[in-house]
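What follows is a pair of complexes built around subunit A, which joins subunit B in one and subunit C in the other.
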Partner chain A sequence: MSIFRGIRKKKRKKEIISQGIDGWGSQLNSSLDADFEENRRIFRDLFTDCYDVIFHPFRVGEQVQAELIYIQNMSNVEEINENVLTPLMEKKVDPRDFQTILERRLPISSAKPVSTFSEGAQALTMGNALLLIKGVAGALDLSVNKWEKRGITEPENEPVIRGPKEGFIESVRINTTLIRRRLRTPQLKLKSLHLGRYTHTEVIVAYMEDIVHPDLLEEVIRRLERIDIDGVIDSGYIEGFIEDHPFSPFPQVLTTEKTDVVTAELLEGRIAILVDGSPVVLVVPITLTTMLQAAEDYYSRYIPATMIRSLRYLMFLVSIALPSFYVATTTFHQEAIPTEQLISFAAAREQIPVPSLVEALLMEFAFEALREAGLRLPRIIGSAVTIVGALVIGEAAVSAGLVSAPMVIVVAATGIASFTIPRYALGLPMRALRFPLLILSGTLGIVGMLLGLFAIVVHLCTLSSFGVPYLSPLAPWQKRDLKDVLWRAPWWKMDRRPQELSPSNLRREAPDQKPGPAQGGDRRDSK
Partner chain B sequence: MTRKGIRPIHCLILLPLLLVGCWDRQELNHLAIISALGIEQAQDGKITVFTQEITPRTLKGGGMGATSEGGGGGKTLLRSETGETVPDALFKLQKKVGRRLFWGHTMLVVFGERAVRQGIQPQIDFLIRHPQMRLRANVFISEDPGAILGIQAPVESTAARTIRNMVDLRRRKAMDINQLAQMMAGDAQTAIIPYIQPVDKTIPYIHGSAILKKGKWVGKLNQEITEGVLWHRNEMKNGVISLKIPEGRRDMGIRVVNSQVDMIPKIEQGEWRMTVRIHAEDDIEVNETDLSMRNPRFVRMVEEAAEKEIYTLAQKMLQKVQHDLKADILGFAETFHRRYPREWEQVKDRWDQVFPRVKVKVQVKVDVERVGMTNRPAGLPMEKVKKK
Partner chain C sequence: MIERGRISSGQMALILFAGISTTGTLVSPNMTGWYAGRDLWLSVLWASLYGFVAVGLAFRLHRIYPGENIIQYSPRILGTFPGKALGLLFLVSYLVLVGITLREYAEFVKGIFLPQTPMTVIVGSMMLVSAFAVKGGVEVIVRVTQALLPAALLIFLVTLCLTVQSWDVQHLFPILEKGIGPSLKGSMVPGIWFSEFFVITFLLPLLADPSKGLRRGLIAVTSVALLFLYINLICLFVFGMEYLVMVYPLFEATRYISYAQFFEHLDAIMLMLWMTGIFIKLCLVHYVVVLGTSQWLNLSDYQPYSLPMAFLAAGLSLWVVPSSQELYRAISTIFPFSFPGTNVLIPLLLWLIAEWRNRGLQKGEVVQ
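What follows is the complex of A and B.
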């Protein structure tokens, strides 16, 4: 059996390779015909059974046959009527070639001639209109697209108290505008790529030209161009293709919906990847510490920001290790617990039939299930889940003797700790790694827990994101970059960009800007 | 190539993990947490052990909602068993207990007087050798260890905790297993262990102490002498002294807030001498006289009275310890050893005879640091207060 299976596998692989994943028919790659009728026919052929594609025949200057092709509701009909059809249908128009029509007759800001069918079809699917004129070779791609978009709202996943609340939306065009509005410089480059054989999703690589490391940019483009897939629905697809370590549970790409975050990262020499159809923007390269920094750290004053940041680091550890620590100490190292505490732990455990480890696993599963249920359910039912969860887990499970009260507290504390991680993507591996760690500590005690933590740290040390070590600037130690890790340096101290990212353009602000009376902060001087 | 080679090794490493199970695991509700251990001599050279076991269910009630108010039984359970040795007795005791005896939280070890008379060196060895036992458990001596361990503490969770708190409150270093072992193995081979007795079924009372020499009982000290010894050993920082002030003809209560005792050894022409310098810092607690403490002369008067009082106490203590019991629990041996190592080598085997002959000179210095919240005696009319 196994021999056959092997053969079959090989066969299938070959098939896939030979078949390919071509989205378009073969005729697409051919150039547009000189013959107007032939072009018309091929376009009609391509878009058979596409009710939404409109073929509108008319005459230019009341004589020459022409046809306008566009997609309903993706193109702005008003603009077509006013700025395309009206001027063209005037008497005096004499169509010789597209260039003159464009320059003299069409009041449209963005239009370009197309030469192949695939280009034409692509333009159409983007909402542009195609103009074919008899006797004129090729077609004209008129940018009149206009489709329904969601308004710009505050991202629900990344709320801030202080700071910009603007979030990206599903349209990459709008998203790039949002960035451009914050970075008003020609140094902001927005390179466009199209990925997905069927979806032809527009992917924009945004970077600051004289800050970004050229090798990094090259690598990003290289990795993006490697992607060959039928469709890109969300930026998550792209993320899966460009990671350094696909088998690691840790995210190696920063995902954000906030325009200010992307702007700040661009200024630090990182590269943003915007994907059409997804409000989630990818930022590379990142480190573990960037995942623990919230946007708000930079907007609030540095002293409270530093405090909150260190709290977050602590909670990060708690979120992965607290249940393991509790299980390890109560089942292996009872002597390490203060006596009075031990007595109440013991009292709480008296009626529990299952071992602590099972109890912890049970509670963790219940908690994860609740969390997942709350996330997936419609918001109206969500509150019901919360109530049931709180009642069942918080109260009933304890009085029924299923779990002990300290365990409920431990699991709840862990849950809260995991919510303090500002990046949702980093919270996920924490939740996942908690379980193996729990089993290790339940079987080997603190030794097992530390073994597990060691393994995680070793793994983190091997990770990198686009060549940047995941734990930098902690490992490798880069003293200068610690200003944004161990504490959040005041802005007048954050005078350099991260070393790894922008070695050639390190300085980000003029030196000696510390405010104070001597620096003009004292009003008496001016009087 | 290398990948394929590594895979079986991975399996070899990972599979044994499944075999270990939870070999060392012990659930909290499978433990008999022992809060105190008692050791007493039984008939025919046998040893009786007492254990005070915490019963969490009665101590804290059940879980949430299911609180069993006073559901019978005390907070702790007293068990006892007799065997040839302590481990033998404990082994027998384990057979009678459904849960594994757990010693990680034993804070109290009470030796019976008879056991101490027989010598407690083997028991100390057991306590130190045991991997679970805490070396910081307090050691006491009692006439009846069973009674101490049977005390049901009204406020604290266990009697052991009550006694531990008492020790902490009095701010004196109580003897723990580690210290005891060190003292017994020290130059003088003596030890002082506080004495504890139950006042009634709920109150233990630490009062006086017992002196051991070479692990065996030599004598008992009353509370006054015990405090003297502790002061001398710098192990008591806090105490109250009542003074008779000659001029005021009334009492004065002062509290020693800090004291420092220095011993200066000297050997002159074969005569061993020891100067004991006591420096105490005091607060005035109560002033029954009519003297205003604003006057430094009166304060000095109080200091002198206190010096006299402490001197008398020190002399009394020395009389008892040095001459009656002849047990060097004052640390003279270590002091001489450090200063005169060569001379010490000659006398170390007959220190018992040398110690009572050491000439001791006591120097006391008392400073009144604070006179309290009022200078003049409160509640007395101004004209009656003696200012000069």
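What follows is the complex of A and C.
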């Protein structure tokens, strides 16, 4: 029973918090009154000092009192005028109950009766209009929302040369359409949740039925439903709540703004989590190797794609270990450097007053500061930073004898290497871990650097994302899945989905599709 | 069972291969050569018999007591008190093995790369990382092996091939100059490493596919034998009988590599490769010590004891021998008897007793 003790404790805590947050809940959760005046009063009460909420009294069929409540600029006023007010204010209308009104009078495609105040308030804040009629119990929620959204653009953080350039935007409705348009099947399921006590953010869990592992889906839903927070502003909030290992610097959720990436991941049996208000979609579960695969790998031909991918793996290592390797070899293992090179290194380091460890830390620090400055500044001033950085770091620091020229090369190469990592989120831990690794290699040489790398590998081996080992299929080996890791197999060879994700529906394409003369279509044959 | 992790037989073979061969490739050729002269490569073949016997015994015992390792079934075979005493003997011997491995690593690093660094720092830092890995459990250790070993092994084998420019195959002859005696005597040294294969007793109960355990275990023994054969031949080809004056002949051989005035001085690379292997070995043996101790004391968990045991092992590595000369003397005189003694002879007796006590019983039944 000791296992359950922890769970029970947490539950009790949650109850206490829920009492703390929800002050206005008692009134809201009560169901709508039969009395029209009372309902009107309560809604006016709820939305006092909300200038944008419009209460529009009118008479149905010129007799019965009614009121339409909506929020300015969130509801489509033209539609309200044409499809709600005009038909209802006609003489003939006899409002007995909402069902008949709905069926006969209201030319609105989506409307539903509302029974509690909280439902009504929620509908209103989503941009819907609420219809109250005297003598009819309850209210009617009319879906007439319309608000301004950003146009669909190419995501700036994930550019591609070949491949779809469509990106998600802040509206979750549009985002789900973008996915639905690519996956035209009823098996694409979009489950809706509402998170955030005040924001009531719509969170959509997208998955492919039949492909996704049911246990995984259940776990994702369970982790999402556990979230209890005042507001969800960005998908980053959700990510922080559903990770397996909150104390790890490594991202355990894939974030992307590209519709094609999400579609491809759904087809591999992963689950996408779309959050309203955020163009960044979360995909779980992931592995380290998925983070190193760019979307373009799959669109270009497989031989160059394989070469570029292996280059990326190499750069991934370089981005974390190159400065440490340089410091370790120049400080402890000079014999590893060819003699002529060693002499020129030594000559360059002649004037530098500090040991190469300090030099490296200084340069890395400056580089990181410059990168952050370039990111945060308004675009117009951005070029100034570039010029200052190039001058200060590239030229002046060397001629002033602060750092040696080889160190500049090393730091620059490391910077370039870190830019080849296709996922920005994975570059961050690499940047952070570079510093402890530098200190280790400056004190214990190659031994220290390697011990640091071992510790990182051990940590990566303990990680998992929704139960999938972080380093799979490399560790533990999944022989069949390695075809998408060590090389990018040609499409006619990638006939199976990742084993961990979709054990029951493994095959994704028909066998024997290798193109070539054997498949027919060779013109010499047909003659 | 306090270990909830499961490993595949392939993972078991891999970690055994890495865990056992690494320190052997570093120090065994020289000491084998003291006895075997130029027949040292033959010694490996004789010594591999230890490995096959050790794996076979562990498998037999595991078949009688499935899901248990030697710490758990020795009290059932011998009775509580003698059984527990035997378990303690095994734990101490593996703890000593951790200490020796650490010491071998520290002597290598201190002797060649970091002469000024205190031994405590070298030993302590390595043990700290190993303890961190063991804390993660057996699955983490095998994953670390799978992540690190393939690349390291590939680079290692290719690098060794590159010594081909200084090979002289004539050093091999005459074979069996003084008869079979020297090579048999020399087999005692690699025998230390092959007898270590009995650690498989701790891994067999954790297998997800136990039916493949024996086969994969024997494959691991064979590959270690092939690797030892390969490195011993390289030492012989490169140096002839001169390898006897070098402590790390294989390492010295790689120092001769020089291509295109750029691909040379591979010391740092070799250090990285050996460190990788030694790290895996330490993880494996330290895991065995920590798990075995917890089982021996009937504790409910083993992971919290990883770090305390690591301190003990680090201390032990400093006490176990007073100097590097003593270390190599021990490897060539004491360990050839103590390791096969605990890892082959005792299990053999244990197996005979178990068979005798369980005689006449139905399959699957065992005497409590």
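Everything below uses one rule, namely that the second predicted complex is superposed on the first by the 502 of 527 C-alpha atoms of A that agree within 3 Å, B and C clash if a C-alpha of one lies under 4 Å from a C-alpha of the other, contacts with A are read in each partner's own complex, and residues count from 1 in each chain.
In this section, a contact is a pair of C-beta atoms (placed from the backbone, for glycine too) under 8 Å apart; a residue touches a chain by one contact, two chains touch by 3 or more.
Remember, it's a predicted structure, so these values are computed and weren't measured experimentally.
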For this session: With everything superposed onto subunit A, say whether subunit B and subunit C fit together or clash.
Result: fit
For this session: Report, please, how wide the angle is at the C-alpha centre of subunit A between subunit B and subunit C, in steps of 10 degrees.
Result: 40
Exercise. A:Ile446 contacts which: subunit B (first), subunit C (second), both, neither?
Worked result: second
Exercise. Looking at the overlay, what does A:Gln187 touch: subunit B (first), subunit C (second), both, or neither?
Worked result: neither
Problem set entry | Touching partner for A:Val458 - first (subunit B), second (subunit C), both, neither | second
Exercise. Who does A:Gln351 touch here: subunit B (first), subunit C (second), both, or neither?
Worked result: first
For this session: Figure out whether A:Thr329 sits in contact with subunit B (first) or subunit C (second), or with both, or with neither.
Result: second
Exercise. Which partner does A:Leu471 contact after superposing on A: first (subunit B), second (subunit C), both, neither?
Worked result: second
Seminar exercise, completed: Closest CA approach of subunit B to subunit C after superposing, in angstrom, is 5
Problem set entry | Contacts on subunit A seen with subunit B and repeated with subunit C across the two complexes | 332, 335, 444-445
Exercise. What does subunit A use to touch subunit B in their complex?
Worked result: 330-332, 334-335, 339-340, 342-352, 355-357, 395, 398-399, 401, 404-405, 442-445
Exercise. Considering the complex alone, what residue numbers of subunit B touch subunit A?
Worked result: 17, 20-22, 24-29, 31, 33, 35, 54, 56-57, 59-66, 102, 104-105, 107, 132, 134, 157, 161
For this session: Could you please specify the touching residues of subunit A with respect to subunit C in the complex?
Result: 328-329, 332-333, 335-338, 444-448, 450-451, 454-455, 457-458, 460-462, 469, 471, 474-477
Problem set entry | Parts of subunit C lying in touch with subunit A, wherever the complex brings them together | 8, 10-11, 109, 113-114, 117, 121-122, 125-126, 129, 132-133, 136, 139-140, 142-148, 261-262, 264-269, 271-272, 275-276, 279
